[in-house]
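Should a chain be cited, it is by its letter among A, B and C, assigned in written order, with residues numbered from 1 in that chain.
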Amino acid sequence: MNLKEIIDNLHLEPVTVPRNFAEITPTCGYTSDLLSCVMSGAAHQSIWVTLQAHINIVAVATLLDLSAIIITEDAKPDEATIAKANEEGINIFLSKEPTFTVVGKLWEMGLRCQ
Amino acid sequence: MIVSELIDLIKGKLINKNADLAREVKGGCGADLMSDVLASIQPEAVLLTGLCNPQVVRTAQMADVAAIILVRGKVPPQETIDLAESERIALISSPFGMFELCGRLYQAGLHSLEMPVSDPDCSCEK
Amino acid sequence: MSNSATNQGKNITDQQAENITRVEELSYELKVDQVMTKELITVTPETEMKEALEIFRKNRISGAPVVKNDELVGIVSIEDLIHCLQHNDLDSRVAKYMSTKLLTVRNTDPIIEALKLFVNSHFGRLPVVDENSKLLGIITKGNITRGLLAALQHDYQEEEVRRYRASHLFEDIESDRSSLILRYTIKQGDFTHGGAASSAIKRALLRLGASPQIARRAGIAVYEAEMNLIIHTTHGGIIRVEIEPHQISINVFDDGPGIADIDQALRPGYSTATETVRELGFGAGMGLVNIQRCVDSMRLESIVGKGTSLKLKILLHDQEVVGEGITTSKE
């Protein structure tokens, strides 16, 4: 499955510069709000689901080369965070739904934690 | 589903003996930020978290959480266990990660028990 | 296994479920010597079977332990007597008919151990011995049932009495305005005990008869404030809760460092917390927002270098009044 299918299926709102999402295929999923856990647990190219909208999430995503961050519960990153993400080429999507539901749906689509 | 069924479903291990296993679990909530849990979780949910400190139990107690699942087989410190014991909240350790657990529980029909933060009940702008 | 759990969950009420788990708990908490029969009627191996028959008849018992020099050596029951009668052998000694394959429990075992033995054997009574196999008593299924019932009754009454007393707290006190004040001192940096005060406040409110919703709202608001004292203050602070029949007033104050920009502090997501605090699950900039959502009014005042004061109120409407207060009707 690719990012476009995920965006459509979960009604996600992209907040970073749009690109050809159909070409990006995430390998697996990961969720945690603790940056240290993400650093040690999330695999290369995975999708990270979190409700943290703090600028530090971009640094973590860059470091791990994640394919996207989904920010849940209608939390909004500030402009500095979005600008930083665009600069680093990190995709950020927003969801109104809580982490539990977002992950539940990704799991239903067949995405797994490695 | 009740807590004892939940334990079976997630291959969980009950950490504290003094827990109410017949308590009904009405939905799920996965988060590591306790303030977020306090803001959004509705009563009788199961809380999935990667944290192990005593504040997890305190948060659960304040928010009327039915059971706590610690992800990836985490073993909490003794203070956390003692607190769960005295508050009679089931503290369960599961070998699965948070992603896998949300997925499995969602699949098993447990839905999110987090409400949008701008709920009419507490009538307060976000 | 999981099937039976499902059925259980569906067919019993919450109240029943609560009792079942309490009984299960009690079978681990109660010890054998708390429920066993201590007044023992014993026989010796040398007692004649016809004497044993007489002892059984006189005392209306159906079995007795056989003791030699204080030590338990066997048990003789009515079945053994019947066996003996069939052989017309009432003159012989107990030693000949008693059973010596003994299952015993220790006085210090939880009663669950006795229950397990009852389930796995056909015995109706088990001798209770100490660590030197000295006989101390006898335990039967009846002893266990009576012990459990007594303990349940005791538990139930204790909590009922507590709740009753607390919920009538204001009823018999005559004054123009009565209130109950709870005060807690919170230490800076005491992350381990964070929430202990909120927990006590929530419990007190429930005992006073507050609805679960009110107790939850107050609990969450005080908990966030308590964590703020632990994380952000210089020396910790004080939580003072005043409970009146018609409202709960919560005051939280500290002596520094103070908040420079209150509007900014109230914005969701704004936080000055360090990454360490975030890794502990706090400092997401939601604390004050959460507090505001849970209370009917909130006032936050702060002077940098002096300290911060947070005043919260939760109003209780007619049905939610705590302590059976009658102030409103008097006014």
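Heads up, the rule we're going with is that a residue touches a chain if its C-beta (ideal position, glycine included) is under 8 Å from a C-beta of that chain, and two chains touch if they have at least 3 such contacts.
All of these numbers come straight from a predicted model, not from anything done at the bench.
Each of A-B and A-C has its own count of C-beta contacts, and the greater count is at A-B.
Taking the mean of each chain's C-alpha atoms as its centre, the chain lying closest to the overall protein C-alpha centroid is B. Chain centres here are Cα means. That of subunit B falls 21 Å from that of subunit C. Centre-to-centre separation of subunit A and subunit B, using mean CA positions: 23 Å.
Averaging C-alpha coordinates per chain places the centre of subunit A 44 Å away from that of subunit C.
Counting partners per residue, subunit B has 32-33, 36, 51, 117 as the residues that reach two or more other chains. With touch defined as above, residues shared between interfaces to two or more other chains in subunit A number as follows: 33-34, 52.
Residues of subunit C in contact with at least two other chains: 278, 281, 284. On the side of subunit C, the complex with subunit A involves touching residues 269, 275, 278-279, 281, 284. Per the touch definition, subunit A reaches subunit B in the complex via residues 29-34, 37, 41, 49, 51-52, 73-74, 96-101, 103-108, 112-113. Those residues of subunit A lying in contact with subunit C across their complex are 33-36, 52-54, 56, 75-76, 78.
Those residues of subunit B that touch subunit A in the shared complex are 27-33, 36, 40, 48, 50-51, 72, 97-100, 102-107, 111-114, 116-117.
Looking at the complex, you find that subunit B touches subunit C at residues 1-2, 4-5, 8, 17-18, 20-24, 32-36, 38-39, 43, 49, 51, 53-56, 58-59, 61-64, 79, 87, 117, 122, 124, 126.
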